[in-house]
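This is the structure I have questions about; it appears just below.
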Amino acid sequence: MKVNETPIQVRYQETDMMGVVYHANYLVWFEIGRTSFIDSLGFKYAEIEKEGVVSPVIDASMSFKNPVRYGEEAAVKTWVKEYDGLRVTYGYEVVHNDGETAVTGETKHVIVKKDNFRPVSIRRSFPDWHEAYLQAMEKTS
Amino acid sequence: MKVNETPIQVRYQETDMMGVVYHANYLVWFEIGRTSFIDSLGFKYAEIEKEGVVSPVIDASMSFKNPVRYGEEAAVKTWVKEYDGLRVTYGYEVVHNDGETAVTGETKHVIVKKDNFRPVSIRRSFPDWHEAYLQAMEKTS
Amino acid sequence: MKVNETPIQVRYQETDMMGVVYHANYLVWFEIGRTSFIDSLGFKYAEIEKEGVVSPVIDASMSFKNPVRYGEEAAVKTWVKEYDGLRVTYGYEVVHNDGETAVTGETKHVIVKKDNFRPVSIRRSFPDWHEAYLQAMEKTS
Amino acid sequence: MKVNETPIQVRYQETDMMGVVYHANYLVWFEIGRTSFIDSLGFKYAEIEKEGVVSPVIDASMSFKNPVRYGEEAAVKTWVKEYDGLRVTYGYEVVHNDGETAVTGETKHVIVKKDNFRPVSIRRSFPDWHEAYLQAMEKTS
């Protein structure tokens, strides 16, 4: 299974008055991990949208273990957890500098037409991407 | 079971280039619903933090059914789904103007000391709040 | 001069580790004030965009006097400061509950076509809105 | 004059339904540029806060020339524009990949005690930082 790791520079704006990163921001970090993962497969999510489709999240879950603070160097690990040709579930782990887990989670996505949000089969409409997903699930990173 | 409903005015800033509310913002709307729910129990979350504790999220999950768009009037319904004296799980439903479900989800919280993030028992340290939670779970709204 | 006042409920998400509202969020509050001001003129910004135009900010300035904190009730006052048929400058004052000034600022906007960002004359393309701006500048609120 | 340049990876979350980066997010990019600039002087803003002070923005202005879009590679250039031992004004220029200006702006900061927001002299309390600012203004980068 291919795992992509992306460094995250904590923004002051991402903290809250608890003195730690506000919980919803980890979902944004998942987005950064996902974009980087797709890049590492040789695709650009921005290019995919130019074909008139978007890839909304349909389910998300997160488990918060240990908060990240401003000034720390964190990273997000991303991989494909499940994929059936139509829906893809990414897994994530945000880690502290010392490797300790900060947050784990997953997001499930579909591809839909931008104008009417009707589902599109990745297998049929994006065969290269389909192949890349299958390989990413098998590959030992 | 007590259910609190809070109107949400969609901010332009909350939309993304998909033309809908960016998914992580619904977690912020859950926060708004939770704050309003706590208000409706007669407490102020801001006052609780003045006692040196904070209430981080330890788990969250969301299911996205139907995106909310700018210009729409939405609302978030909030209730207490589970509570054991130590951890509280809130349930949420974001609804469109016509009552249709936009997003459902839940967040689980604990109370911890602000300076060291050590857990605090709600039952023992905040008995009034404890009682209010128990009543909120029983009450027919 | 017409001045519109909109209450603001501070979101926990809007705070930072300084314990106050993160400065960039006041620009979002200005957006809320502006939307509410346009509503008070009898228009809906969301409807205007359906005609294929958008209204980007071309200049903004802010002066931070006294930070707003979570749990406080704040409000944003909005008015039209300058208008020449093409460009409109809104003035803003964020006030604390006791009327003290928190932040002042202004944003200058144009109307452009959504597809190519070419400028559109408000005077010629949106005569009703043009009239409303002129009246808003004269009116004693 | 020392000018520091920091690459910016546009986040999908930073876009709005206009299809471009939401204007308030450039203030966050300015924060990223400022943090990187301070790093380049050999300091860490996160360490400075551990001494019980924070550095709020007291004035900000921005001029939006040309919006940045998702998928683009942008950068923020940062320098010290004015400094008098007490207040520092940073200048910023967000540039597109081809060097074209996207946004220009500046932010003015003071240093205050975290607990009471009383001003602190940089010259007297942070002499090393004071020296670094003076050099940054003279140096040809």
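By letter and in written order, the chains are A, B, C and D; residue numbering begins at 1 in each of them.
Everything below uses one rule, namely that contacts are C-beta pairs under 8 Å (C-beta built on N, C-alpha and C of every residue); 3 or more make two chains touch, one makes a residue touch a chain.
Source: prediction; values computed, not measured.
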Comparison of A-B and A-C (more C-beta pairs in contact): A-B
Same or different residue numbers at the chain B/chain C copy interface, by half rule: same
Inter-centroid spacing, chain C versus chain B (mean Cα positions, whole Å): 28
Whole-Å gap separating chain A and chain C, where each centre is the average of the chain's CA atoms: 34
Rounded Å distance, chain A centre to chain B centre (Cα mean): 24
Of all residues in chain D, the ones touching two or more other chains: 12-13, 17-20, 24, 28, 31, 49, 70
Contact footprint of chain C on chain A as seen in their complex: 12-13, 15-20, 22, 24, 70
Residues on chain A engaged by chain D in the complex (per definition of touch): 9, 11-13, 28, 31-32, 35, 44-47, 49, 70-71
Residue ranges of chain D touching chain C (in the complex, touch as defined): 17-20, 23-25, 27-28, 31, 49, 54, 56-64, 67, 114, 117
